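Both of the next two complexes hold subunit A, though its partner changes from subunit B to subunit C.
The block that comes next holds the complex of A and B.
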């Protein structure tokens, strides 16, 4: 078996991992700041991709580059709306309430997309291009974009989180909400910023995924569970962990396919997730706040 | 307490007591749990037209044993839950001994155990899944099972000179059934299956599965896929530079697949059950349809629905108007009967024993029929006619 076969598998794993990492970063950000798992994050992914479809179609008819900024803005707005309408009124409720609210919201948003666009699979209608071979490994433009954009996003989030006042206040919030508030940090602003960043990251990931593959109302929920596994592996609330977790899951499931039946591809991610949960059950139960 | 007991008694009397009086009826009622509203209502409407046509013809010739046939339509709202409700209603309220079941293999399979338990005959005119009739001996279908499609796909592969292929299939009842049927037949014909790759529905990334299937650049890959999954796979294979002849089943044969996959779908090929339209019976059916409805656009599967009525009427004629009688008479009634869609003889799994298959391919963005070269065409015909 020639080496390019393994290189291509490795590349497939990295591509899948990049997308998972983008989803996981947004998920982990909300967890870090608000201390709950936003199960409606998958719907931000899906709506991001569908907002782009909306703007590229009638009556807007924008080109792809022109449609991306407003699509990201709309998804950011959706993130804010989610917080304002659903999560803010129950900010101090227990985790189970938040979890169930998030799940309900997920179903609502998914069905709304199905109502407007139907359950069928769609594409942006762009011309399919054969990949360009690099040393025997094929890479298409959307795939190239996935790698570049993920690197840029990670760098951007890093700068924002560790080099800006806003990032500092978000980290303070993540450590202790009450203490942050008493210290005079504008917690409201920090929470809203976290929602916008989380939603925009989801939209970027969703659009990249849709460009590379297709759009369907279920594209979010299918990938969310992988992103969730990635955040668990990396340690919830940890941005670097989310990136590493995403790449690890992407690589593990793609390399695994070479040795076991691809029918068990999803099982690989879930086995990893279950093992992590067994080792660190407090992540869901919330007995520890680290 | 006494009041409650009385209430129960009255309810019981209403439910069971009065209905036997209605048994002295002057028509033979057949139930039909059809999609008359909901997502696939457009199909249900077409089935109904063809069923009504057959019933009209039979009644015009004096009906069955001097009695007219009457179809009791019940809307199944295109979803599995209401399909079950519709079938239950037909069984308990209308008390029909035979029901034409809902379209869609999953919807039909949801209602099959209900009919089987109630000992009522249930027929399908559209279901292709291999295990469709497995609920029991009261479940029949006049549409060919994919178990028959497997050998035809194997013949297509052999005729095109593909003696070694990897097989990919969608991991559900339909995919698994067709995969097994194909692999068995292909091996018997001397073919070698190099790899078997199952994959899940509704995924967006099939690259590594495709990479594994494309290992060693096989000249052909068998892929038993659906519309959406197929579109994603052909697209990703195209981007990955996998150049191969795709061989598929009937489920990917849809304009939607070509629309989604674009030029990556070009040249994809597969088998599908076809009804030869040049036969006398088909032409007569087409004429009658045109006379009644004013156009000759036969609805999809309408021909199978038309045959289902005739087969059922023949069974009532032989076995009498009871579920048990119809069940026992159906195999004999259908044996050798040549309907619009061909020979309707049942096999031991209560599915059509014979079916004709044609080959589809994507050419210039359209799905067209593909003709094998002359000599190969000869071999393609089913042995027994």
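The block that comes next holds the complex of A and C.
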């Protein structure tokens, strides 16, 4: 229980926070563009990780680097399929309809994973490499990857949103769908792009998390609540807010278990969420101007 | 014969559970994704009290009050949220409550659960056989149906629907939407607690694993499939889905299949929810005046 212990806790918090930030950015992106919380976002996280497991196992037997791109592509495809089959037909329906459909989709996808792989916790079966000492604390390869990949993703999202035409049209969409449409923006293309990006970010986060810890069909729904808490901290629809919120949740969880029973670790995000809601409920409730 | 009675008891309990959710989802438009939490509070409260020797006559109202109080305390912060956020807040609450049941071993015995919950006894009459328990559950279902029908058909119920359909318009007409939502949420929680009490004393053994998101999904599907915002919808949904679920349970299948049966059944439930939302959002019994695709 010396200073390194606290430094390690801090580091674990940042690592968890990076992953939450990736989840939260995807969630908030779909919220910004389509104005609803995708309850099935957690399943994109989980399926991203399981697609990689599928590709690394029989009959494909790909190596980790070779399996990652197709796993991301498959998750992106799953995101597109979700929109095409379920959400597009009910785009103009009321919110309850959208939300229940998303909930149903989440149940379907979560149990599909359990059907094929069982409920038990799995790993990619990679060799466990010893951590590398880093200023007195230990960092494993997956943990290095978490930090580097998150930085790259954030940079990529920044370039896409603020430097590209597609990003501009997505931002226009998130301001006002109808106005964007009559201004001649290809809204269909922008919505599809948002789904792909959201799903790929979820898959990247899910794979990183699974590499660092393990896979289970429940990993999606657990992280959905954290991603949601992160988006609330940062302001819904705000990408940078999601990044900051994710880091804060990760830190709060890891510092929190120094004080309370680890059995309640997953409750910390929820408690933070409730505190925020109590502190500034109408800020969030009034976010939609329509 | 016992199988039929058992089926009817389970249907009656889920009918109460579904009717309570219908007040929130159907009539008030609250997206409660953690309804099982209030079912669990009712079940645990009554189970713990009767195991400690309290008569059922006292444990029942205590359990209903505990469920209602939880609804009130969660509702104060959560109901200030717009629909989707309320959904996630309730989902999170359901998960946290389950964590409490698992971790607070001194009170709930944690994952080991509470065995030997006594059969209810009212005024010296013990509801210990299946027909007697069915009478009790059926009476509870009837009472729930009558009370909730009275409530939703009253001016209060009209105000709830007004809040659901257009919150701003309801506010302009002088209705305090937030207060109405809290009342509706507490009402729904109390009756979910009643369903939980009936469940606990019927199965006589409860553990945190009984109160997962799966239960919330089942009861949500019952309401949505039967017809949300209708009087009879939850009953129709409860009969349909419970008959399906319980008959699957009694299928004689090779043991290696039964492991797959749980997830497969959940997949069917998920698919049903999605398909209903895309093709028939009104459910089997549709609410009067509802437009297609709305």
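Going forward, the second predicted complex is superposed on the first by the 277 of 290 C-alpha atoms of A that agree within 3 Å, B and C clash if a C-alpha of one lies under 4 Å from a C-alpha of the other, contacts with A are read in each partner's own complex, and residues count from 1 in each chain.
Please note the rule applied: contacts are C-beta pairs under 8 Å (C-beta built on N, C-alpha and C of every residue); 3 or more make two chains touch, one makes a residue touch a chain.
Small disclaimer: the values here were computed from a predicted structure and weren't measured.
K.L.:
For A:115 in the superposed arrangement: first (subunit B), second (subunit C), both or neither?
P.N.:
second
K.L.:
Pick one for A:258: touches subunit B only (first), subunit C only (second), both, or neither.
P.N.:
first
K.L.:
Does subunit B (first) or subunit C (second) touch A:86, or do both, or does neither?
P.N.:
It touches subunit C, and subunit B stays clear.
K.L.:
Does the superposition put A:266 against subunit B (first), subunit C (second), both, or neither?
P.N.:
So A:266 meets both subunit B and subunit C here.
K.L.:
Just checking: does A:131 make contact with subunit B only, subunit C only, both, or neither of them? Give me first, second, both or neither.
P.N.:
first
K.L.:
Pick one for A:232: touches subunit B only (first), subunit C only (second), both, or neither.
P.N.:
Once the two structures are laid over each other on A, A:232 reaches subunit C alone.
K.L.:
I'd like to know which partner A:100 touches here: subunit B for first, subunit C for second, both or neither.
P.N.:
So A:100 only meets subunit C here.
K.L.:
Check whether A:12 is in contact with subunit B, with subunit C, with both or with neither, and answer first, second, both or neither.
P.N.:
Touch status of A:12: first partner only.
K.L.:
State whether subunit B or subunit C is in contact with more residues of subunit A in the superposed arrangement.
P.N.:
Of subunit B and subunit C, the partner in contact with more residues of subunit A is C.
K.L.:
What residues on subunit A does subunit C touch that subunit B touches too?
P.N.:
Touching subunit B in the first complex and subunit C in the second, residues 261, 263, 266 of subunit A appear in both lists.
K.L.:
In the complex, go through subunit A and note every residue touching subunit C.
P.N.:
So the residues of subunit A in touch with subunit C come to 36-37, 39, 86, 89-90, 92-101, 103-112, 114-115, 118-119, 221, 224-225, 228, 232, 261, 263-264, 266-267, 269-270, 273-274, 277-278, 281-282, 284-285, 287-288.
K.L.:
Given the complex with subunit B, which residues does subunit A contribute to the contact?
P.N.:
Touching subunit B: residues 1, 5, 8-9, 12-13, 15-16, 120-123, 127-131, 133, 138, 140, 209, 212-214, 216, 218-219, 222-223, 254, 257-258, 261-263, 265-266 of subunit A.
K.L.:
Show which residues of subunit C lie in contact with subunit A when the two form their complex.
P.N.:
Spelled out, the residues of subunit C in touch with subunit A are 25, 29, 31, 33, 77-78, 80-85, 87-89, 91-93, 95-96, 99, 102-103, 213, 217, 220, 224, 259-260, 262-264, 266-267, 269-274, 276-278, 281, 293-294.
K.L.:
Hey, which residues of subunit B end up touching subunit A in the complex?
P.N.:
For this pair, the touching residues of subunit B are 171, 196-200, 202-205, 207-209, 211-212, 215, 227-228, 231-232, 235-236, 238-241, 256, 260-264.
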